[in-house]
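Down below is the structure, laid out as structure tokens.
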Amino acid sequence: ADELSLQLKWVTQAQFAGYYVAKDKGFYDEEDLDVTIKPGGPDIAPTQVLAGGGADVTVEWMPAALAAREKGLPLVNIAQPFKSSGMMLTCLKESNISDPKADFPGKTLGVWFFGNEYPFLSWMNHLEIPTEGGEDGVTVLKQGFNVDPLLQKQAACISTMTYNEYGQVLDAGIAEDDLVTFKYEDQGVATLEDGLYTLQENLDDPEMVDKLTRFVRASMKGWKYAEENSEEAAEIVLENDETGAQTIEHQTRMMTEVAKLTAGSNGALDEADYQRTVDTLLSGGSDPVISAEPEGAWTHVITDQALSE
Amino acid sequence: MTALPIIAVWLSAWGLNAWLARFDTRLTRLLVALIFGATILILWEMIVRAYGVPSVILPAPSQIWASFMANTSILWVDFVQTILKGALTGWVMGALAAIATAILIDRSPFLQRGLLPIANFVAALPIVGIAPILVMWFGFDWQSKAAVVVVMVFFPILVNMVAGLAATDAMQRDLMATWSAGYWQSLWKMRMPAAMPFLFNGLKITTTLALIGAIVAEFFGSPTRGMGFRISTAVGQLDLPLVWAEILVAAIAGSLFYGIVALIEKRVTFWHPSQRK
Amino acid sequence: MTEPVVTADKIDLTFQTADGPVHALKGVNLTINQGDFVSFIGPSGCGKTTFLRTIAALETPTGGTMTVNGMSADEARRARAYGYVFQAPGLYPWRTISGNISLPLEIMGFSKSDRKQRVDRVMDLVELSGFGGKFPWQLSGGMQQRASIARSLAFDADILLMDEPFGALDEIVRDRLNEALLELWRKTRKTIGFVTHSIPEAVYLSTRIVVMSPRPGRITRIIESTLPDERPLDIRDTPEFIALAHEVREGLREGHSYD
Amino acid sequence: MSRVLPVLTVIAAIILVWYVAAIGMNAQWAKDQAARADTTLTTGELIADTLSQDRPVLPAPHQVAAGLWDGLAGQKITSRRSLVYHAWITLSATMAGFAIGSLAGIVLAVGITHSKVMDQSVMPWAVASQTVPILAIAPMVIVVFASVGVTGLLPKAMISAWLSFFPVLVGMVKGLRTPDAMQLDLMRSWSATRSQAFWRLRLPSSMPFLFASLKIAVAAALVGTIVGELPAGATSGLGARLLSGSYYGQTVQIWSALFTAAALAAGLVMLIGWIERMTLRRMGLAK
Amino acid sequence: MTEPVVTADKIDLTFQTADGPVHALKGVNLTINQGDFVSFIGPSGCGKTTFLRTIAALETPTGGTMTVNGMSADEARRARAYGYVFQAPGLYPWRTISGNISLPLEIMGFSKSDRKQRVDRVMDLVELSGFGGKFPWQLSGGMQQRASIARSLAFDADILLMDEPFGALDEIVRDRLNEALLELWRKTRKTIGFVTHSIPEAVYLSTRIVVMSPRPGRITRIIESTLPDERPLDIRDTPEFIALAHEVREGLREGHSYD
């Protein structure tokens, strides 16, 4: 079988269920592929791993991928299993925030960094709120691994994913009624998440292109299976979790939520979504995330072949 | 083939140093150390260029230096946040607390027997593990970093200081007994001075620990400045030259910090055989 | 002069060691009167140091009673009755020579000007004037030992206990210091306990010579000196001196035959 | 002399302080929750709540004990939920790193004591090397290693080696230099060769220093491994447990992993202490 | 017996210290012949140790030439010509007493059985039989010093250099060891350099007594002994002995007047 390695953006969880299902259910085997899935972590930069030759394909958010491309790393999007963004800001109701533009200034917000800060910065640019703190700016905290800043009231709002951290806030015992959420989708600043990226040089190699095609095909099969069988998918993820820290309840819920995000995608990148992401990132005032319209940052070559049969 | 010039540079620098080392003056000692360091940097640059190592993996020293010069204001802000506020405050507080505790322990044999084994146990603890907890307790700003540093430096200094306070020899103690000196008298005039070499041993070890603690703690939450914050953010942005510029700052600050403590040690413990030469 | 200062009554001292108990002292009886100069002599390991330490309350006897100035040895220690010179100099390396000599004075609360005056006086006595500013390691072993003697003299304790103070000195300096010590004793009539390995030294200095013997450590002979208080150095060539020295040597030899 | 009573007393005091702290630190959440639910708590209820929360700020000792017990004894040791399994992963990388680090430290120290050039050039840079925040760049280090094809246990071990070589280097240099002038002069007067002087004088007299620094080094190696596991995408090991506990706010899990790590450190230090006693006794240096 | 073993010709030795140069030796001339027993005596710090070390090539003179057995001192050292006893015992604490004594033998490549035999012989000589298995810290200071003497005797070096070997011993043991050393010398006719602070010891042992004086260190007198080779202990009471001792004392006193 042909070997291929996939670098995940984060630790083993239902966010990546499609790949685990494809592996577990033998979809990769069917395509004569031997896929190694490498879990990530908070300080693994998937793009760097790719640059170092540590993996062939990586799951990454588009803003980080485009920013890396500007840094001279020729990343190309070959498939986009996630149709919509699951990112949002979750605030405690007692912080009295109802309108971002009006109420954010003067507040402290928790934000993920390490390449995940771009959507937030674009949004703030959009709202024309400075992120340097002060009266009419927001104070930004580099949010750690968990939702504690909200529970401990160290921040008025924190970044959460619909499928993960939000659930943790609820699990911690705060009722939905006590929370206010702002989805990036709703604010019109959504950027594309969890896409599959590889280096340009791989696409110049026909053999590699063939492998990638088979990989994407099998992966999408995995995703669609996972969408339909969320409970089974969660169990598969759990089996693959080596930390032994995940629970079935949490993963099942995550799978259900992730299914909503992958629902609209057959794997092919939607050009309109791409353009919206690029526009959002470019609109960043004085300090945009990317400074020029990228070129060749995506290709349909793989998905076209993969989905044709 | 590309390896040949690299090996040549290495050998000739080593030869030069071997020749210089024979003179053994203050100047040549400094030169030897500098040439050694410079050689490593030159080899690094040569390797990166000769083998085309991508800069997102390992940037060349020249790129790092360029980034250092271009980002001095950012680096300064981070330096103030992490080193001056986080590491230094924590180190001073931790050291003072450890010294005070050591004196307390020293007074009570009961505490000495009870607390010291536990202190030794805690000193071997992977303290970084409590960084996320302390960030949760003390908030995002430098206070939590200082708290991590306090915990990291406390036990090594305590253990050293307790050993130091016990480092008087029997005759020195007997002398005090024949003069019927009080507790505080023998503490100030005998145990404290005798403890200084040990104390400084602890203080020196913990300078580098303090830096590491302050930087690592920033990974678990921080405001949008600080060396740890910058390093992780810059890695995420693949701005590796900036990452290494921060490392350069840390190395310079750490060496300076260590050097200053060593200098004070020299002044304070001038009488100790290891300082006399 | 006949008032007892130190009375040791059946003193036993046993050290518990890993290899079993060591009987350092066994049934030692001794009375030292006000103004006595008592020398202790005996083979290595016979308990001389241990006995001196017991007088100064640095060791606690495991049997018997020790009375000093009518109180217990420990009370006498707390009343600062002792000036003690150890076998090794034991100077504090972080203090200069004069700093070392003035240390007990500081501890006992002497005034600054008094301290200075006393330090100068005793430094002069041991021929160390001009070395006050040096640190201990900058002096030869003999000089260090003299500094340590000066330190014990500075605060005028009633009882002076000296453990081989002149062991590390060459003969000439030793003679001079012997004379000076004798002179000091004649003038102040301090009570002195003095350990030595040298028979001539013991005879030259003492009013009484205590010969000890090991395993277990005990007193085998007490020899009263018949020499006058006034003792020029060449008294050492008189028949009286030689006879005393001979007696001490006899006593020592007896002790040695035991092991 | 008995240490048991004092140690137990101090432990009891620590546990007491811990309980009080747990009540204090968890109270805010309990009150907030009550406020959100529109109820008020009696003091008794409050205390009971603070000692039994799911995600306490500071878990109470009995919660940690339960977590530890479950992790250590409540699982098959091959299970990924077993702390024994994770401790083993961490231990193996620690041992590898410790071995590499202490060997490097010893070799460098021997070089430094025998070569003037090494002494003058290596030492200052060895100090500088320790000021590099290796822990902060651990993930990068692991990526760099991966890019040259080194993966698995070795990258983690390299980080712990980096942290553990320095104490060994410093201690060994000091140890190899302890023989005093007279001991060295004796060797000279016998016209001993350098290697004879090394094996028969310098090495034996450095043993106490070596063991003292090995104890520090093994603790440092453990820290290195855990940090290597923390963010670097390791999926097993105590560091990964700490991380995932932190990620999901499972404070009990964090503390259990922490205590396991502490026990591991204590065990390793004790093991070296035991080897030290055996060696020194055979050398006649233990009194 | 008249063949020169050591010739020192205008030896200077200056130590550079932070406080300025210390002139430890200045223009020292001395010839030591095969079979001589030369004692060095002089006040503390006069350079006795330094001179002995220069003979053994442990110090390099800053001026003058030192010839040993017709070669340079360092060549002689490499030819293993010296047995050296330092002022302090300097035993290696991780070796037993017999391990310590056999160490130089191991280094010089003696066979195992030869080593054992030699160790036993010298242990007997210094009265330490039965203590071979003990570690140094289990012995009293005097026993340690004897072990260190045994170590220097074990490999039969031509030249024996001893720096105050008996300083830490009590008089009786010292007498016995003096006798043993003299006996050894008479039997083997080794060349011996011996530093001491004791005038009687110097006179009792030596064929020649070198009196030194400090600042700068130099030789002020060389006294040839008129005593016969056969010397019972009570030779010390003969007028001849006393006259020699007196002469040495005179020489010493001269040296002292300089400082």
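Note that the chains take the letters A, B, C, D and E in the order they are written out, and that residue 1 is the start of every chain.
One rule holds for everything that comes next: a residue touches a chain if its C-beta (ideal position, glycine included) is under 8 Å from a C-beta of that chain, and two chains touch if they have at least 3 such contacts.
Each chain and its UniProt protein: B, D = ABC transporter permease; C, E = Sulfonate ABC transporter ATP-binding protein.
Note that the structure is a prediction, hence the values are computed from the model and not measured.
Enquirer: Treat each pair of touching chains as one step and give the shortest count from chain C to chain D (ABC transporter permease).
Expert: Between chain C and chain D (ABC transporter permease), the shortest chain-hopping route counts 2.
Enquirer: Which chains lie in contact with each of chain A and chain D (ABC transporter permease)?
Expert: A chain counts here if it touches both chain A and chain D (ABC transporter permease), which gives B.
Enquirer: With respect to inter-chain C-beta contacts, which pair, D-E or B-D, contains the greater number?
Expert: B-D
Enquirer: Using Cα averages as centroids, what's the distance between chain A and chain C in whole Å?
Expert: 86
Enquirer: With centres defined as the mean C-alpha position, give me the chain C-chain E separation in Å.
Expert: That gives a centre separation of 31 Å.
Enquirer: Rounded to a whole Å, what is the gap between the Cα centroids of chain B (ABC transporter permease) and chain E?
Expert: From the centre of chain B (ABC transporter permease) to the centre of chain E is 50 Å.
Enquirer: Residues of chain C that touch two or more other chains: which are they?
Expert: Residues of chain C never touch two or more of the other chains.
Enquirer: Hunt down the residues of chain A that sit against at least two other chains at once, touch-wise.
Expert: 42-43, 45, 48, 51-52, 144-145, 148, 152
Enquirer: At which residue positions does chain B (ABC transporter permease) touch at least two other chains?
Expert: 57, 132, 136, 219-220, 232, 235
Enquirer: Determine which chains touch and list them pairwise.
Expert: Contacting pairs: A-B, A-D, B-C, B-D, C-E, D-E.
Enquirer: For the complex, give me every residue of chain B (ABC transporter permease) touching chain C.
Expert: 169, 171-172, 174-182, 185, 189-190, 193-194, 196, 269, 271-273, 276
Enquirer: Within the complex, which stretch of chain C touches chain E?
Expert: Residue positions touching the partner: 42-45, 138, 140-143, 167-173, 197-199, 249, 252-253, 256.
Enquirer: Can you name the residues of chain D (ABC transporter permease) that touch chain B (ABC transporter permease) in the complex?
Expert: Against chain B (ABC transporter permease), chain D (ABC transporter permease) makes touches at 1, 3, 5-11, 14, 25, 57-58, 116-117, 119-125, 127-128, 130-137, 139-140, 143-144, 147, 215, 219, 222-223, 226-227, 230-231, 242, 246, 251, 254, 257-258, 261-262, 265-266, 268-269.
Enquirer: Which of the residues in chain A end up touching chain D (ABC transporter permease) in this complex?
Expert: 11-12, 38-45, 48-49, 51-54, 144-148, 151-152, 168, 172-175, 178, 241-246, 250
Enquirer: Hey, which residues of chain C end up touching chain B (ABC transporter permease) in the complex?
Expert: 53, 56-58, 77-80, 82-84, 86, 88, 90, 92-95, 103-104, 106-108, 135, 137, 155
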